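The structure under discussion is supplied below as structure tokens; questions concerning it will follow.
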Amino acid sequence: MNTVLVIAPHADDETLGCGGTLLRHIALGDAVHWCIVTDMTTAAGYSTERVAAREQEIADVAEGYSFAGVHRLGFRAAELDAVPMSERVAAFSTLVRTVQPQIVYLPFRGDIHTDHAAVFDAAAACTKWFRYPSVGRVLAYETLSETEFILNPESRPFQPNVFVDISTYLDRKVELMMRFEGEHAAFPFPRSEQAIRALAQVRGATAGYQAAEAFMLLKERS
Amino acid sequence: MNTVLVIAPHADDETLGCGGTLLRHIALGDAVHWCIVTDMTTAAGYSTERVAAREQEIADVAEGYSFAGVHRLGFRAAELDAVPMSERVAAFSTLVRTVQPQIVYLPFRGDIHTDHAAVFDAAAACTKWFRYPSVGRVLAYETLSETEFILNPESRPFQPNVFVDISTYLDRKVELMMRFEGEHAAFPFPRSEQAIRALAQVRGATAGYQAAEAFMLLKERS
Amino acid sequence: MNTVLVIAPHADDETLGCGGTLLRHIALGDAVHWCIVTDMTTAAGYSTERVAAREQEIADVAEGYSFAGVHRLGFRAAELDAVPMSERVAAFSTLVRTVQPQIVYLPFRGDIHTDHAAVFDAAAACTKWFRYPSVGRVLAYETLSETEFILNPESRPFQPNVFVDISTYLDRKVELMMRFEGEHAAFPFPRSEQAIRALAQVRGATAGYQAAEAFMLLKERS
Amino acid sequence: MNTVLVIAPHADDETLGCGGTLLRHIALGDAVHWCIVTDMTTAAGYSTERVAAREQEIADVAEGYSFAGVHRLGFRAAELDAVPMSERVAAFSTLVRTVQPQIVYLPFRGDIHTDHAAVFDAAAACTKWFRYPSVGRVLAYETLSETEFILNPESRPFQPNVFVDISTYLDRKVELMMRFEGEHAAFPFPRSEQAIRALAQVRGATAGYQAAEAFMLLKERS
Amino acid sequence: MNTVLVIAPHADDETLGCGGTLLRHIALGDAVHWCIVTDMTTAAGYSTERVAAREQEIADVAEGYSFAGVHRLGFRAAELDAVPMSERVAAFSTLVRTVQPQIVYLPFRGDIHTDHAAVFDAAAACTKWFRYPSVGRVLAYETLSETEFILNPESRPFQPNVFVDISTYLDRKVELMMRFEGEHAAFPFPRSEQAIRALAQVRGATAGYQAAEAFMLLKERS
Amino acid sequence: MNTVLVIAPHADDETLGCGGTLLRHIALGDAVHWCIVTDMTTAAGYSTERVAAREQEIADVAEGYSFAGVHRLGFRAAELDAVPMSERVAAFSTLVRTVQPQIVYLPFRGDIHTDHAAVFDAAAACTKWFRYPSVGRVLAYETLSETEFILNPESRPFQPNVFVDISTYLDRKVELMMRFEGEHAAFPFPRSEQAIRALAQVRGATAGYQAAEAFMLLKERS
């Protein structure tokens, strides 16, 4: 049994990027911890009702997955670049020491949303073996509406080298994603049921499965 | 009206990679020329019947598209790396001088099938403005079952920067692809109707269309 | 007729990077909007006279081009990295929604001046089709004295794939550049008439023109 | 229990690149198959004695590892680039269909010895799931005296993302390497005991082990 | 005789990255200046004793090398990303104008510690010939425990192209490193004597020396 | 005094790529050897007169530079990819052992002419320290009409990190280039006097010289 930690800059990234894989971990008996880095807040212009609804969605989704733990870092969405690195690292450091994960899922560094880069840089710093010896495997997931919108020609695009069969979990992944009101819309919107299923099929065709999620392995030690 | 040249290492690559875009060019009045670089031959182990059937398929597909010309280079499939570069360049040089295209579609250099690299290198050498002044725009297309199977960590993956709306041409693209017997199979095989549609949806979601084909712009001069 | 938006971290970047191309857009009837992201200010140590002179230069240059609009974001030069991303994105978001451009020119992400990266990241986030549907084509330009001084071995250098013939606009581009007092000096200073002409010739020789400007296409959808 | 296939362009590459990891596989009960792609031959200028001695070394090493199989492809060393791709692919295709490996170790594509690239390209083509469904994991190993001598600035260097603890196998790895007469020499020669140990320590320090071997994961499907 | 400037984000980076090379510069009569960018402070949670001890270590090491100058920029460790770029550039600008170096050693941009990137970006901006004409050669060094822990798949890893023979300086380098209490530990900790020696051997084996330090040349003008 | 070896796939590449730098080496007393890899031949379709004229041009240019040696490898132009690697390496191996250079100039690996890649790969294999200990510095030069025409999006473009002041040698470089009849033409042809001068100015503006040649340092050991 492994302890798994998925780090989501915003609630729903974990489902878009690795919902099927997390369901499979849980089905196999792994303990999966969900870290939500930022929150919707009224300070950021969301209504009290919307904030409350989001809290309920998070509770629903956490229950839907049967996560072993939900960890809220409480930063403000879309403002992570303004949080000093030392403060971000401190939060992830405490998280990793608390959860003691063997497997960590991170967003892709190059995603067009800077919150994703800010999360990646700080979380990546919390994977060194001599400070965080539990960590044995670190992977980056892709996030529809962020990863495929990369414009920067300097950087390398997402090039998956790990494919996970989620054929039996895709319907449930879609169902969980649909619980986040306001985060999905009709195709061709990228966070739509049809786009999620199409990406799962494309990744599946590369790996020989009806549906797959794809990752970049960043580090494995064993 | 533009003259367009699509270079297919093997018959069907043009359809997988840019079938919808070619149909759109033709609908807009452009003259599209199809270059098929390699042939099925009995010498390569194909039966006389299969070779004859393939010839019929090519004729059917060419008529289906209403191509302005079909250009057969007559090399043997899966053996292009053994053809000296000077011989390959000579063939493409004659082709480009004959067709005088403004727009050229090439396979992606990194595709796992070495025929694609052999075609790319020789064809790319036939796009210099001082020898081939007609050429104004060169793009690379992606080929299901080749482009996404790249393993080489040295090279950059396919990262599209041009998205073409093929919403009204996708059905016809699929229908043309299905004419190539023996090149398609059931999903999750990559050259299946379902995988073709899923990729078109994924590319569409990135660009705001019901279906799209994606390309890398290699050069444009105007 | 297209609406074109050029985003200049500092006044003169638009001219160095795409002055000839902008003149050509205007000659072809396109409406070109100039966004100047940062200002010279007395707070930053410039004299009242210099600040006033720069304002006059900007007015002169805007008139010289016949720009359809000049948009001043009012940030302080050389301090953009300290402006929170959310604030930068908000400014570009309003700009893009106001101008509704089909074509956008951005500085290169890797330029050694961090203002260029700060502009790129925020502006790139304002090109997603589902929020900014007008945007059909996004290109990065090169800026003499910034782009060629990249030291970072991690990143890819500027590798142009779009070449625009500016043979009939080069003299005017140079003349407009010379209006920015204090931004140019004698060769081999990179922002000198001779360097500007030499770069235009080098890019021209690659594309078959007496003079050219070169760009990287980041995204095109059509 | 897994079936493992290591592909060595020349006998000794398997030991330099993954000797410790192979010993660990075997200790864990995996069946490890050794493919030696090229041979020393008298035609290539080696003496009859040297060729015979090499055959004995191969037998000794195979026994030393307790390999489940030794597969000789019989190509001539340093001449693989001249073997048509179709012929190389045919050899690897038969090999993979025969061995039915779950895990495959390949040399790094960028190694300065072109035999390594020729092996990589052909072997990589034999990992597609729909032709070779047994293959679940493909990794590239580093080869002292080849990988670190890459000069080509176009390509990415070897950047390991998998680290295997070989602390208890390093001595045995060195001992096996020393059985290849003529392939090792005194430090600072790269194929020396001291260099092998130093690299194992450097990789170990990155992963938290007394000694490690490092790999790039190319593909994993599960 | 050259003037050499080594920029260390934290005291000890100069020794890990180029201690042997600096000793060789000094032995050859060059004047070597040590810039320490950040300090240990009680504000950052270090005890008064530790801060005082660190000051003594710095004095000892400076004397041990016979540095021509020690330049303290006085920023706080692990917080450089929060220092505005303009402030960092101002500090390095004054430094470079004061020291007037011909040769500059910088940390690698991609190192996992963001202080290294923050130093690189600001220092790199202070190497343009028209503002800092003394600078003729700029190199990036590797730092054990930072450079090899890069996780970001977007960026290129450290790929050295300059190798300096430090065979006669390695013992002294190790001895100087050991003066920094609290920065080293037992192998396999990366900042251990054994790891330092192993890396020097690996780099030496690539270049033909008993021990070497490796660098990436970023710019040379002559 | 150094021994310098410049390797030109075709006569004139040495002048386009590093003519000024070679003249400067010679002015400083270095012995410069010119290796011409391929020849014009009547077998390749050149007239007897053209072949004879080229021989005379080579003699003229060699005398013009005062080269210490001219080494003809005698391969056929545009057909190097068809020469087995072992044969190419053998030729370069003999060359390097004979000339015993400290400094080697190579064409860029990515140049669109495959002869350049074929030369690079074989020559690069002849720079390992344990077989060719004289070699201390290896650089790649850029070749107008080849380097800037790279189309392959997989590979990194030429990104110079070494700039050599050729202000006092540029006129002579141009004069030597003009001796190769049939290799130059009027601007905007890339191998024209104007393009050569423009590139020298662009490289000069980056480095602070009236004219410069630019290189990528591939390896330096000292």
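Order as written gives the chain letters A, B, C, D, E and F; numbering starts at 1 within each chain.
Convention: a residue touches a chain if its C-beta (ideal position, glycine included) is under 8 Å from a C-beta of that chain, and two chains touch if they have at least 3 such contacts.
The model shown is predicted, which means the values in this text are computed figures rather than measured ones.
Hopping across touching chains, the smallest step count from chain C to chain E is 1. Chains making contact with chain A as well as with chain B: C, D. With centres defined by CA atoms alone, the chain at the far end from chain F is A. Over half of the residue numbers at the interface between copies chain C and chain F are found on both sides, making the touching surfaces mostly the same.
Chain centres here are Cα averages; for chain A and chain E they lie 36 Å apart. Shared interface positions of chain A, i.e. residues touching 2 or more other chains, are given as 130, 149, 155-156, 159, 189-190, 207-209, 218-219. Pairwise, the chains that touch each other are A-B, A-C, A-D, A-E, B-C, B-D, B-F, C-E, C-F, D-E, D-F, E-F.
For chain B in complex with chain D, the touching residues are 78-79, 81-82, 112-114, 145, 149, 151-155, 185, 189-190.
By the touch criterion stated above, chain F contacts chain D in their complex at residues 84-86, 89, 109-110, 120-121, 124-125, 127-128, 130, 138, 140, 155-156, 159, 216, 218-219. Listed in rising order, the residues of chain B touching chain A in the complex are 144, 148-150, 156-157, 159, 187-190, 192, 194-195, 197-199, 201-202, 204-210. Considering their complex, residues 129-130, 133, 161-165, 207-209, 212, 217-222 of chain C touch chain B.
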